[in-house]
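Two complexes are shown next, each including chain A; its partner changes from chain B in the first to chain C in the second.
Take a look at the complex of A and B:
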């Protein structure tokens, strides 16, 4: 699992690569929380390189979502691979997250 | 196994080295000593021969002077005819070596004295007698002793001979020609002779000894043996006859060299009956008489002293090597004795005795270092084992607690099948396999009001102890809520509300809850983010439930969950599972997937709930091929019999 943080047009873009499972979810949580605690209010999670997510990983997504809602910030997801999209669909998470096909469309809306 | 000890190794190396060193040293020593001995012997032999020659020459030269002086006296007419015999007698009286002497005139030198005139004086016993030589039977003028000096006009030493008349003595005659003036012309007039006993020569020669059996011999200019330790040879054999008898051409060649008057020091190219083995010979000619002296000795005697020294040396070295071995063994045993101790200690330490006594080391060498390392290891190991024991005890405690927790958790879910033997309308089979000791999956089923069958399956985010606690809470809440409610959406909403409040850890549960009316076959259900179950119709149709739009429970307190309904006919089955099934991974991280899940179900549409789940397990096992299970696996199948 690898996390790369960049900035573009007010948005902080967190690019995730690899797997987020029970082993790597703690590290992922730490990385995401750092980005949020820095005071970024507009965050895009680019999941183009994310090829597996376990329920532990979904939990981190949820914690991030809750934190952002608490500070009235924005958390957007983009570039979900079909497998990941499937997991979001099955778990109903697709209904509570803002999911976009790519970074461009995520920034436009 | 102690067939090869360290000391035997070291000794064999040291001995091999020493033996090698000795062999090289010995060879060099032997070579040089041998050539030195040979050189010294040569010098000695040459000196001996020269010395002997000089001794003989001294005598012979002294004797030679006498007839030479007589000849001069005769030439200068110093002696008159009648005084010759008294003169010769006086010569004999004064020279013990001379046995006889004559002045032999040419035949008819004195016409008045007849054909022969040769006064001869000789010893007989202690008396000195005189006679006249020459008669019809003894015409001395034809004898060698007369003829040869006459012809060569030089003095001549005759071949030695035995004087049979005068006491069986070995004799030789020295003849000197003399001249007188006839008509003022110097003319050969006769020969002066002296007969010399060679007894003294034999004595001199017999004193010549070299080494133990080496000896000297003398041959005449014909090769006749004059002196030899073997008396039979003397005057009876010549070096050539001996060579011929023994078939030794090498001896003949040396004989030829000797009578030519040569001198040499050489290894003899011949064998002798006298001494088997190699011989060395040194020879030298006598200038006056043309005799030759030979000194002969065996090589074995020449090097006898060397061989003796060699034997002593080898004995010393063998003893030395033996002592060296003993000494080395002692030293090495002393030095390495702690090693055996250390080995024993190591074995005891390995067996768990950390307080074993180490050997005492008094030296400050590598053994001391070993001792230090060893005692350090002993100490560290003891400490490590203590901490390991503590850790193991703690781990065992946790493990035993986890085992108990696992038992408690398993006891919380129904695990007796068939669960309702007196309820023919429905049958259930379910399994739950946690990835760790305790897990976050759950299933449950129970009957409400006698005709409603309520069942649920859920999956807590994460695994292990936190998930298991959340699972226990969820299961307890479900049971308590369904005591009062029968609507799936109300049950799920209430559950969500309870779980969401104060959920600091943001854990959540995907949850499916269904309530089946056993009388009508109507199934009402609510799906909170759980994998869609599969319905297997009695006619073999297999349909997956739609994906849910409701999020897992435990996230947002005020989330509204709805419910849907599905009509079941008798014989219809429902297969429920957690993502541990659909997302089971093999080594290549390939997921089992919904396709495989549906395929296995399609192959088992007629199977009993138990068989369906068993076959699904088999399919899963084939897929993961022994790869470690990473997530909890739960499966439940319900059949509605109407």
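Take a look at the complex of A and C:
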């Protein structure tokens, strides 16, 4: 798992690559929490390179969303691969997250 | 067709499970989405066993048996941890808002969503989790 943090317009973009499973979710949580604690209030998680997620990874996504909601910030997801979208659908996460087809549309709304 | 994988009660073993499933997928001609789904199911089941199944700090082996019988794939996970029936878990409420949703509790739910049948048995001080998927 790799995380790349960049910024574009007002957004901080966290690009995730690889797998978020029980062996890598702690590392992922640390990276995402750092971005939030730095005070970024508009964050996009670009999942184009995310090819596997388990409940350990979903847990981190939910923690991040709760944190962002608590500070009235924005957390958006984009570029979910079909397998990942499927897991978000069955777990009900697709209804609590703002999911966009790409970075551009995530920034526009 | 029949294959067996033994893993130790360590989270790092999940990497070996991933490699094993990729090889099994090639051998048994599974499509990639199926391999990923099976990986998810095994990770959730094994993470539970490894994290909560044992009362001691010792090393334990977990046996995973894969059987392909006609259009059915049957995966049996056998561990010597304390008795735990995951099929009795309450289902999470997936309609709650982000603020209301508890963190965690999705593992068993995801297993039930991917597999067609999830059965549990306790025999001779061992847990048997038997997972069946129709793979047509």
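As a convention for this text, the second predicted complex is superposed on the first by the 109 of 109 C-alpha atoms of A that agree within 3 Å, B and C clash if a C-alpha of one lies under 4 Å from a C-alpha of the other, contacts with A are read in each partner's own complex, and residues count from 1 in each chain.
Following the convention adopted for this analysis, a contact is a pair of C-beta atoms (placed from the backbone, for glycine too) under 8 Å apart; a residue touches a chain by one contact, two chains touch by 3 or more.
What you are looking at is a predicted structure, and each value in this text was computed from that prediction instead of being measured.
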Give one of first, second, both or neither to describe whether A:62 is in contact with chain B, with chain C, with both, or with none. both
Partner chain in contact with A:4 - chain B first, chain C second, else both or neither: neither
Footprint intersection on chain A (chain B / chain C) at 19, 21-22, 52, 54-56, 58-59, 62-63, 66, 83, 90-92, 95-96
Along chain B, where are the residues that touch chain A in the complex? 459-463, 506-508, 510, 527-532, 547-552, 555-556, 579, 583, 589, 591, 630-631
Chain C residues touching chain A - in the complex, by the definition given at the top: 11-12, 14-15, 18, 33, 36, 39-40, 43-44, 47, 92, 94-99, 101, 103-104, 106-107, 109-110, 113
Interfacial residue positions of chain A with respect to chain C in the complex: 19, 21-23, 51-52, 54-56, 58-59, 62-63, 65-66, 69, 82-83, 87, 90-92, 95-97
Over in the complex, which chain A residues touch chain B? Could you list them? 19, 21-22, 25, 52, 54-56, 58-59, 62-63, 66, 83, 89-93, 95-96
